[in-house]
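Below you'll find a set of structures to go through.
Presented sequentially are two complexes of subunit A, the first with subunit B as partner and the second with subunit C.
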Partner chain A sequence: MALSRGLRPALFLSFPLSLIAVFVLYPMVATVFYSFYDKETGSFSLNNYIDVLLSAHPLYMLVAQSFGPTPPWGALIHNLVWVALHVPLVTLLGLVLAFLLKYYVKGSTLVKAILFLGIVIPPAVGGLIIRFMFDNVVGVAPTVFSYLGVEELSKTWTAYPQTALFALILGSVWIWSGFAVTIFSAALESIPKSHVEAAKVFGASMWHIFSRVIVPQLKPAVIIVVVMTVLWDMKIFDIVYASTGGGPGGSTNVLALVMYTYFARALDFYKSAAVAVLLTLIAAPFIALVVRWLRE
Partner chain B sequence: MFINTCFLYTSMSKVIGLSTKAIVAVVIVLVAIVGIAAWLVTQPTAQPTTTPSPTPAETPSPPAPSPTTPTPTATPQKIKIRVIGPWSGKEMEYFMQVLDEYKKAHPEIEFEYTPVRSEDLAKTLPLQFEAKTTPADVIITSFGWLVAEMAKKGHVEDLSGLINKNEYVGGILDSVTVDGKVYAAPFTMWLKPGFWYRKSFFEKHGLSEPKTWDEFKALLDKIKGIEGVKKPIVTGDGVGWPISDVTEHFIIAIGGPQLQLDLIDGKIKFTDPQVRNVFENYLAPLIKGGYFSEPIEWTTAVELWWKGEYALYFMGTWITGMVENPNDLAFFPLPGAKGVVGGTDYIFVPKYAGNKEAVLEFVKWLATEGQVVHASTPAGKIPTWVKADPGRLWGPMQGVYKKVTDLGLSIVPDLDDSVGGDWQPLFWDQLKLLWVSPDQLNNVLETLTKEHPKLKGS
Partner chain C sequence: MKRRYLIRVVALNIAVWALALVWALPFVGILMISVMPYQEVITKGWLRIPSLDTLTLKNYIEALTNPLYDLATGFRNSVVVATVSTLIPLFAAALAAYAFANLDFRLKPLLFALIIALMMIPQQLIVVPLFFLYRSLGIYDTLQGMILLHSAWGIAWATFFLRNYLKFIPRSLIEAARVDGASDFKIFRRVVMPLAVPGLIAAAVLQFTWVWNDLFYALVFLVSRENQLVTQKVVTLKGEFHVDWGLLAAGSVITMSMPLILYVVFNKYFMKGVAGWGVKR
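Coming up: the complex of A and B.
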């Protein structure tokens, strides 16, 4: 029996839709539902949110009760620091590297492949590499600063609350910049060579070509890199877990790690759900930005 | 409600462009799949079926030998036992020797060993047990608190009838006993007896073991002055435990073994003057004075210390099996110490393990004869089974054991392994913080008091 024109697409759609319903929609709804469930009283309330936001336990703290000049400031604030530092660094580095590799470096494919390695390696391995990168015995960064005579930065960065968070962010710049370079390199291919050559003919400097000719034409790519990096920063977990475990003194803790600790260590699924919802709410504006941009 | 449904239907028809039949079909399929999924979720999880061990009655008799046909060799059915333990590298090699020994007498057994650190087990096992599954049939961990916690939730087999409690070192089963039932069997024991040094290094530089605190300080100062030595004491770093070990040694040596026991039981606060004395007048001044290195990954620290970049290393007895020449190794406890931390690795069987009969037989062997085999390797362990032949102890460990006995050091349980739970990683993390920021001592002591499970709310 031949299927009607309407029934055929419905049958095709039913399987993926049902998978989405079971594995995406149901967990999402259930997570929001659980986040309001108070296991003590069996009722629904905001208690889980209040508890997670007010916790002063160094391994669960989302917002510090008092702010010092150095971490720990709380997992939520640390995520925002990640966004504030990591996003501009990755975007700028990616832009500059892609530009230089395209117009000024011969054999740039090899360099791009090396840069791309960062996002090929599993993030947990990346976390271990970061730990060694900033180790005072074998690490590159402390060795360089030791030669430069900067005593404060010749130590193991991940061991000190003053430097641990920034070590992870800088290490992640190395890991994630390969992604930015790849996106910008692809976008650069779409810019006609004549634009750059014309600018050169008119005597434009390298800086002017970069800032006035290249960057304006890369706006869509910049949006992709910024949004994807923000999302990477909000859900950052493996790197922190493998390198510092959120320490020392909770100075590198992040939302996803707190969510995991509630879930796997304390087996408090309801507070874990509350942290997950908070994480989603913070990331939501960026997701909305992507959706809007995709529509445009 | 009805209006809403109609509106939804109309919108779907318009948006997707599907006919009524098609939408009904999609809804039916969706409801069916969600229903099946819900039904599956609500079904009780079936217990894993155990593969029965071959019994003599079930084994067919071999055919009578014939002069013309060769006799077929009866191969017993292989039984696989999955084992998880905390050892990797050389320590794993020594444990594999124990498994090999068992296989000699039980050729039908085959082992699948997976190394998993106890701290990782503590994060993954509870979830797996909640899902009524287990990653291994036999699990070995030093975290007695984890065994007890899982036993209380009904995830662990009761081993009370399997081992004789009186055949083990006193108190060793306390942390795995719940309501009078024993949920784990002890394996070999380690000690954390003091600061290890190379005899050749001490001889070369004319150093000797200190007998008083002042002599200890003088020794550290003398070492500080030796060319090529970065710091007198190297600080091992992992997830945090090497730092907690040296801290506990200070607590026991300065405050006495009872102080350690009181801290475990929550009878005394970390902010108590007795505990403050240990930290403020002994430990923190050494950290501030630059006598300790900053935390270095603990196995890397072994190499650096052995090379002579550091002179002293506080570590457990397993270090004897990690160095090139264990005969060049010696240790001394902090002057005045009346006790040392000692502990064991607990062997337990999850409720969801397969091949129960073979598994339990193996566990019984591991907790008795298996200990003798393990203690005879360079694993740096001593048996907790009192019937073990002390003559079979690995040579270098006999010396260590003799020294601990001669000094009259009592064995005290590990602080963080005993308190366990969320407090354990907090303790490690706070001590890491203290090591690099000794000025934060007050905060550290207050946090440890506030979050101690037996002190909360006090």
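Coming up: the complex of A and C.
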């Protein structure tokens, strides 16, 4: 009781918050500063951002000057393509699977456990496995397509600009679907079984139950899955680094990898900071959404 | 009508199970290739019962002990970094979570929003200044530096996670202890922490896995061979032009063995921990 009201929280918060302040908050603010630092003139300007956005070098290109029918389109565009394909695929697959597993499929615990494996393993290993799945000698996908006689898809997918990006996106569906299924399954627990039973008694078809009874009640969970998946896609790094390193010819490059390449290869730390800030800015609206829900 | 429905349900069961098998197939492939002579993989394929007399651990031994790859060192470093980087942030986060769950203070809403924002920001946003800082402090390319970073990075989400858990502990219990004259630290240690053990286990398992699985921080902050972590080592197994799939598969199995074992042992905690994101409290 001797402690004043303000001192008690301070006792509990000082250790965690000081670690966060030194190793997360300070570098976060400093990165923004560095991103404006021009190492040629020693002053602050927008030059890093301009250079980074206009670069046409395959290792660093964020947005292509002109768009061909196949990648490379620039790292930023690749992230957006990733979001455009991966988010709907994962959400739909997750919804349908969670629904079927809950009401119709026997042994759903084991199926869920298998689907979940993708988010347990290191994403770097996930990247290596993706490369394996699409390899023309030992991989599954090219073997199947060569059996079907589809010449263009029986090669090593990750070795050609036409297919590499899509191989990685499909692979990331394999890795990430377990997340969606888990979230949706948890949300389904809160829907009373009587709703579904009643619909069945009234002779509603499976599709009807899914689209009219289940999906409307899962709306909050859908939003969570969509936002978390968008953020995951924007920040994607390990999978790309391990499987293709951004190649061939920059056709699988993504923002986080360009940031790393400026840092580790060009040793241009200020441009690297600029890419990190750009990445964060694009993710920011989604981060803001998450903050709004989770603080209640 | 009834019969058609039954047929449909059976077909759905088959379809979902087929999908699950497809999902498991890459793991089966990696495991098979890691223990088969590569010649055999090429000539006979890997989707079959392996013949027992040609089974080999050559790839595992090569990946672990060949000084070129040296996954053993990486594995050891990862154990050290992930263990310590689980204990420190969990302790720190438990303290913070107690404050957010049980104490009232003016800055609480703001600090809590900050905690949530910090757990969502990209890793890329903090590494450049830390690189400068680490070099001037002499902790660049050291396991200590790595541990400090992972510890601080883990506090935000662990605080959020544990705070949600602590919210389930009835406030009356804490009030009662307070009426009895117990200090906050006593309440924290004797009342709250014992009740929070399942939450602490879940947070520990997820944090350990997260640190073990990370590649980005390791690439930025650890460069010398003797300090690298296992996720860094395993990607170097992939040669520039020629890929030795046997070696790569063995390395992958070694690298993912730790999170997979944790997942098998702590299955419920894992699933609940991830599902916790989707359930509003």
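Keep in mind that, in the parts below, the second predicted complex is superposed on the first by the 290 of 296 C-alpha atoms of A that agree within 3 Å, B and C clash if a C-alpha of one lies under 4 Å from a C-alpha of the other, contacts with A are read in each partner's own complex, and residues count from 1 in each chain.
The criterion applied here is as follows: a contact is a pair of C-beta atoms (placed from the backbone, for glycine too) under 8 Å apart; a residue touches a chain by one contact, two chains touch by 3 or more.
Predicted model only: the values in this text are computed from it and were never measured.
When the two structures are aligned on the shared chain, A:Ala283 is found in touch with subunit C, with no touch to subunit B.
In the superposition on chain A, A:Leu11 contacts both subunit B and subunit C.
Touch criterion met: A:Pro248 reaches subunit B, while subunit C stays clear of it. In the overlay built on the shared chain, the residue A:Val22 is in contact with subunit B and with subunit C. In the superposed pair of complexes, A:Ala221 makes contact with subunit C only, with no contact to subunit B. Within the superposed three-chain arrangement, the count of touched residues of subunit A is higher for C, of the candidates subunit B and subunit C. By the touch criterion defined above, A:Ala264 reaches both subunit B and subunit C. Of the two partner chains, neither subunit B nor subunit C is touched by A:Val52. After overlaying the two complexes on the shared chain, residue contacts for A:Val137 are found with subunit B and with subunit C alike. With both structures placed on the common chain, the touch criterion links A:Leu231 to subunit C but leaves subunit B unconnected. Across the superposed pair, subunit B and subunit C both touch subunit A at residues 5-6, 9, 11, 13, 15, 17, 22, 26, 135, 137-138, 263-264. By the touch criterion given at the top, residues 4-7, 9-11, 13-15, 17-18, 21-22, 26, 57-59, 135-138, 155-156, 159-161, 245-251, 263-267 of subunit A touch subunit B in their complex. Those residues of subunit B lying in contact with subunit A across their complex are 18-19, 21-23, 25-26, 29-30, 33-34, 37, 122-124, 126-127, 130, 237, 239-240, 294-297, 300, 304, 422, 425-426, 428-430, 432-433, 435-437, 440, 447, 451. In the complex of the two chains, the subunit C residues touching subunit A come out as 8-9, 12-13, 16-17, 19-20, 23-27, 29-30, 33, 41-42, 46, 89, 92-93, 95-96, 98-99, 103-106, 108-109, 111-113, 116-118, 120-133, 148-149, 151-153, 155-156, 159-160, 181, 184-185, 188, 209, 212-216, 219-220, 231, 234-235, 238, 243, 245, 248-249, 252, 255-256, 259-260, 263, 267, 270-271, 274-275, 277-281. Residues of subunit A that touch subunit C in their complex: 1, 3, 5-6, 8-9, 11-13, 15-17, 19-20, 22-28, 30-31, 34, 97, 100-101, 104-107, 110-125, 127-129, 131-133, 135, 137-138, 140, 174, 177, 179, 182-187, 190, 206, 220-221, 224-225, 228, 231, 234-235, 237-238, 241-242, 256, 259-260, 263-264, 269-270, 272-273, 275-277, 279-280, 283, 286-287, 290-291, 293-296.
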